[in-house]
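Naming follows writing order (A, B, C and D), and every chain is counted from residue 1.
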Amino acid sequence: KSTQSAADQNGPGKSRLVVGFSQIGAESSWRTAETNSIRSEADSRGIELKFSDAQGKQENQVKAITAFIAQKVDAIILAPKVETGWEPSLKAARAAGIPVILVDRGVQVADDTLYATLIASDFVAEGRMAAEWLAKKLEGKGNIVELQGTPGSAPAIDRKKGFEQGIAAYEGLKITRSQTGEFARQTGKEVMEAFLKSAPGEIDAVYAHNDDMALGAIQAIEEAGLRPGTDIIVVSIDGVRDAFDAMVAGKLNCTVECNPLLGPLAFDAVEKAVAGETLPKWTVVEDRVYDQSVAAEVIDSRKY
Amino acid sequence: MTAALRRNWPLLGTALVLVVLYAAASLAFPGFASLYQFAHLFDDNATLGLAAVGMTFVILSGGIDLSVGAVIALASMVLALLMKDGGWSIWAAVPAVLAMGAALGACMGAIIHVFRLPPFLVTLAGMFLARGAALLLTPDKRIEMSSKAEIESLSSVLIQNFNLPAMVFLAAVALAWAALRFTRFGRTVYAIGSDESAARLMGLPTASTRIGIYAISALCATAGGIVQVIGTGAGDASAALLLELDAIAAVVIGGTVLAGGRGSVIGTLLGVLILAIITAIPSYHGTLNSWWTKIAIGLLLLVFVLLQRLSQRWAAGKT
Amino acid sequence: MSSTLRQLIWPLAALALLLGFNAAFHPSFFHFQIHDGRLSGSIIDVLNQGAPVLLLALGMTLVIGTGGIDLSVGAIMAVAGAVAAAALREHAPVALAIAAALGAGAAAGVWNGSLVTLAGIPPIIATLILMVAGRGVAQLITHGETLLIKSDSAFNVIGRGVILGVPVPILIFLAAALGLSILVRLTALGLFIEAIGGNEQASRYAGVRVGPIRLAVYLLMGVLAAAAGLIDAADIAAADANNSGLYLELDAILAVVIGGTALTGGRFTLLGSIIGAIIIQTLSTTILSFGRNMPVELNLVIKAAVVLVVCLLQSSELRRLLTRTWRRSQ
Amino acid sequence: MSDPLIEMRGIVKTYPGVRALDGVDFTLHHGEVHALVGENGAGKSTLIRILTGAERRDAGRVLLEGSPIEPHTPVQAQRLGIATVYQEVNLVPDLSVAENIMLGREPRKAWGAIDRRAMDRRAEQVASGLGLHVDVTQPLRSCSIAVQQMVAVARAVDQKARALVLDEPTSSLDAGETEQLFALVRRLRGQGLGIVFITHFLEQVYEISDRITILRGGRCVGTHVADDLPRLALVSLMLGKAAEAAATRERGAGEVAPTAPRRLEARGLWRRGAVGPLDLTLRAGEVLGFAGLLGSGRSETVRLLFGVDVRSGGSLVINNRPIARHSPRRAIAAGMALAPEDRRAAGLVPELSVRENIMLAFQGARGWARRLGGREQNALAAKFVQALSISTPDLEKPVGQLSGGNQQKVILARWLLMEPGILLLDEPTRGIDIGAKQQIESLVDDLRAKGMAIIFISGELEEVVRVSQRIVVLRDRRAVAELTGADRHVHTVMQHIAGETGGKHV
């Protein structure tokens, strides 16, 4: 096997698997949970992990893949920042005989044999689940404001698309305002403040593309003298620990889980790919809806 | 001979650090010394490199250009828009985008020169303008076009592991070197940076040169944007955020004095390579969290600048 | 006194124009109401949300006055927020957490100041180092997570509290502005800063303590940035190492320049910088309050226009050109 | 008679608050050296800047060989044949000597690239034609000011000029270099060039010029053939009053009693690559003059004494207190003051007001916390503005807008306010008109009489001899002689400077 010699170099005596992991960054607690999951899984399987944090820049991810290829790792795990621009890197990896496993977001390539598999949630489905829960809660009628994720990112596009599909069936549900909160708590809060100012008393619900923005919005609502979770329904996606805390406190109504604990799935795929097995192109990660009714029970079992 | 050596000391110092850094990384990490990685130091940093080449002109003239990152993003968006929505061929779109970039830079240069405004501010305004325009172009902030055959054929050009972006970068370095050393324009750039009022009194064309300097900087950034589209197959309105700071760092590490008048584009090339190595190392090391990467880059920058200060003092002490 | 007024006339005009625009298209901008004993309304929002930039602009004025610049203030904000949140998580008393954060800001300022004064590194590069590494330090403290602060913690008063109907961030800013004005004009600090910015070598020959004063100015900047970071963290009851203070250094520098202090150092005006910061914040608030009719990105374009226009208005060169054409046409 | 080379008629120029030129007429003929003289702020530099397009006139006409010209920039003036060497050296320090001479006119190869070798060769020729022998490839910043000045002349001369303007070209040249420059000027005059020459050295005016135009307060008060205008008449035209004192000042009082308290004592003081070792004693109530050629180390010595430069060895005692680690602050605290030679770079903060510049050192010594009140500041500043007759519309005028001489006086005011025991004056009279110069000289006398200890540096030997009780001659960065009493003669000093005293070195 061509990677054997590299493995020898890296691990004295025994041939440990060496895997490169190019992560986007540490911009949210969700992503940190994903990173930790992959790291601890590598540890427990005795795999040497080359971790590289791109600090939110695709350029850095391209550099990381270069470095992984030059080091002749056995496999590469890539959490792509955006969907395009990976072709040259993926081709180089294939030329070097290194399989690439994509996690949490897909890429657009003409030739889908360039990567081994994608392990990710279905963002469109998440948006749809959120919409369905909200429709039920509002009984099909109400004004919704939307806090979008970073413009152009796959989760922002898909969660918007899924949500719009979900509410399409209900004529009484309308998105009255929609603006980007950049997936960040502070921006989420500022945008929500502006929403509340410009349409006082007309907002029934908030749909946020992630928990951080929802938590910012909750504060804006409180400062405007309203009760989040009661006067204005708040729905978001991700299911991080803070969101469960907020649900227990009655301020957040519902969060759609987007499971970041991809480590086990990812390394299963790595081992299979290195062994030469073919994998399905998309391994869908199962997500669930959590609302206040179950929050208190499950909160202690949450890992992130 | 020794005089020439002394005059070029900052450049030699930078080269020395580069060699030591490269050697140390090669010894510490298997695979680092490969031709593949070497070529990719240029490939993966071509956009930064191009921006830094343009920035060299600006800093040599005693100015600064904060707009380059935004201009890169704008150029990539406009190119993608022209080709995708406008149906332009790449051979028509590239010159058009280059012309747009140069015009934008020329405008900034003209405002700086005519109204005697600080470059920091004018280019900061330019940065907001270009970034804002790029973001406003499409609601998605990104234009995918990897399926375009023209882009694909360009992105697969490869000579000895060096791809098109790397070649454009190296060509820009060579051109800039010749322009700075062997043209009146180039010498006037140094003269303006050294003492602008003197340059004016000496009858040098300060107005056209200053406008040219900022046009070149924006032109290089635009080329960086084009190269980025070729490399990634997309126009991206949030590309190259704060890349100007890396470009400035590369120029300064390359021995060009921020106050202007002294330095060279060869130094900039070395500076870009040093930054390239520094950012590649964490991927080899493999256990650094992102915060450690940031801290490490900060510290390396510190060590570097301090070394440079010491070498400057040493050189000054010798004269 | 009249020369100060002349200096401020253009920034004031720009602010008036902006407010006039709001009055015309968005009359509710000027409404005030009292809500739960809390004064609210867009104008209060501007000051409240603008408090961090206002604090940064105060410090940045002094730094720029000495001919320097500080790119690291955004990162210092993140560090301060992280320190406070980490301390609170360890059940430190609120006062201790605040002191620790301000101390961290002071340390960052001393670091910057030392690089500039002792090592002689140009300020833009010296502070670039901390701009890059500082956010890393903040993330190191928070382990990359958003550190939550208990929503009932007394700490959050800094960001959300109200005293006599006025939001606490505004009060913090007012106190800082007043304190700094006194410090700068009733002592000789202002003269020394302007002398150093105007001609460092001459100041040294005249026996001004150039090094210590530079250092003190960066230290002050660090403390003010930390205060801004505390407001930011208390406002959202969390320390967000990734986003706190991001790009705020640019806004602060802009505020100073729009206010009429030259980037080359020397003569500075705190009042001008305050007006500059208010202009910048009013812009964002205006655009946000227009909702979906105006994309947020427009903020950037308008900011660019404002910067250019205000700078052009202040440029004596433009005035010279205009008077000349005017005279010719006569 | 053919048209004059240059004719300026009724030139008016106002700056905010100042009428710098008020209807000035000036005529320059072919083949003459025409001196332009006047007190500081008389408007000489302004007139020149208007002639050369660096500044716009408000009214008036400029004719070149009979036809009106309107140069908007120095380049246009240059194309018309008017070349200029400005008062402050205006070259590009980071480029090479050759480039500074050739910039804008570099020889180029067929395809437009600069032919650097040809350029160096050509520059070498031009420079050596002027008696300037330097490595033309070295950066200009590594050359002395004198060499830089010569390079500026070389550049101007090499441009096929018809008229050459020299604004105080000799203020930082030593006698030999001045002579070299004059030889060149005469040669150019022989070739038919018209040369405008500005200087404050009256000897030089008479040595080189054919005609003299005198400006006073922005007005032209006369143009005379040099040989027909007695010095005294010239001086009184400049000052607007009979100024006999200027010509008849007595040599300074005799020796100081060896019992007078020692203010400053240096033993074996030196700095690597700069000066010394040096032994020096300075007593209360004496003026110690430093004489020497340019670059002999006078400025470096006072900088060392003041703690600007760090010494490599030796001891220094100020007012009986040994000074170990030295700095300007310590020097000031010990009662020392230095008016530096380069007032633009090391003296003034140009955008700060006259008041603030005067108060700077005083406030610096008080520290930041103890600010002097506004009223006291105004009173003190006003007192010194009056005492030194600094001409400024008000105390709040930015000092950068004053003329050179008045700027120098502001620096003196700054230090006199401190009532220092020891005053170091490095070229306090350089670039200053006769009136101001005389004032400063008598001020030095008064201060000495009050018991101050003063070190006085001047490029003008007569002046050093006039004001000092004791003269230390420096040569090649070392003290080579100390002259007291009757030895203080210009002639003796010159012999020591030249090293012609039979080898008995101190």
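Here, a contact is a pair of C-beta atoms (placed from the backbone, for glycine too) under 8 Å apart; a residue touches a chain by one contact, two chains touch by 3 or more.
Note that this is a predicted model, so its numbers are computed, not measured.
When the C-beta pairs in contact are tallied for A-B and for C-D, the bigger tally goes to A-B. Rounded to a whole number, the gap between the C-alpha centres of chain A and chain B is 33 angstrom. Spacing of chain C relative to chain D, judged by their CA centroids, is 44 angstrom.
Computed from the mean C-alpha positions, the centre of chain A lies at a distance of 34 Å from the centre of chain C. With centres taken as mean Cα positions, chain D sits 72 Å from chain A. Across the assembly, chain B contributes residues 135, 289-291, 293-294 that each touch 2 or more other chains.
Residue positions 25-26 of chain A each touch two or more of the other chains.
Multi-chain contact residues of chain D (touching two or more other chains) are absent. Working note: touching chain pairs come out as A-B, A-C, B-C, B-D, C-D. On chain D, the positions that touch chain B within their shared complex are 54, 73-75, 78, 84, 86, 90-95, 99, 103-104, 106, 108, 112-114, 116, 135, 138-139, 142, 155. Those residues of chain C whose C-beta lies close enough to touch chain D in the complex are 3, 186-189, 191-192, 194-195, 198-199, 201-209, 213, 266-267. Against chain B, the residues of chain C that register as touching in their complex are 71, 115, 119-122, 124-126, 128-140, 144, 250, 253-254, 257, 262-264, 295, 297-301, 303-305, 307-308, 311-312, 315-318, 321. Looking at the complex, you find that chain A touches chain B at residues 6, 9-10, 20, 22-23, 25-26, 48-53, 55, 57-60, 62-64, 66-72, 82-85, 87-88, 108-110, 150-152, 157. The touching residues of chain D, counted against chain C in their complex, run 306, 308, 328-329, 331-333, 338, 340, 345-352, 356, 359-361, 363-372, 396, 414.
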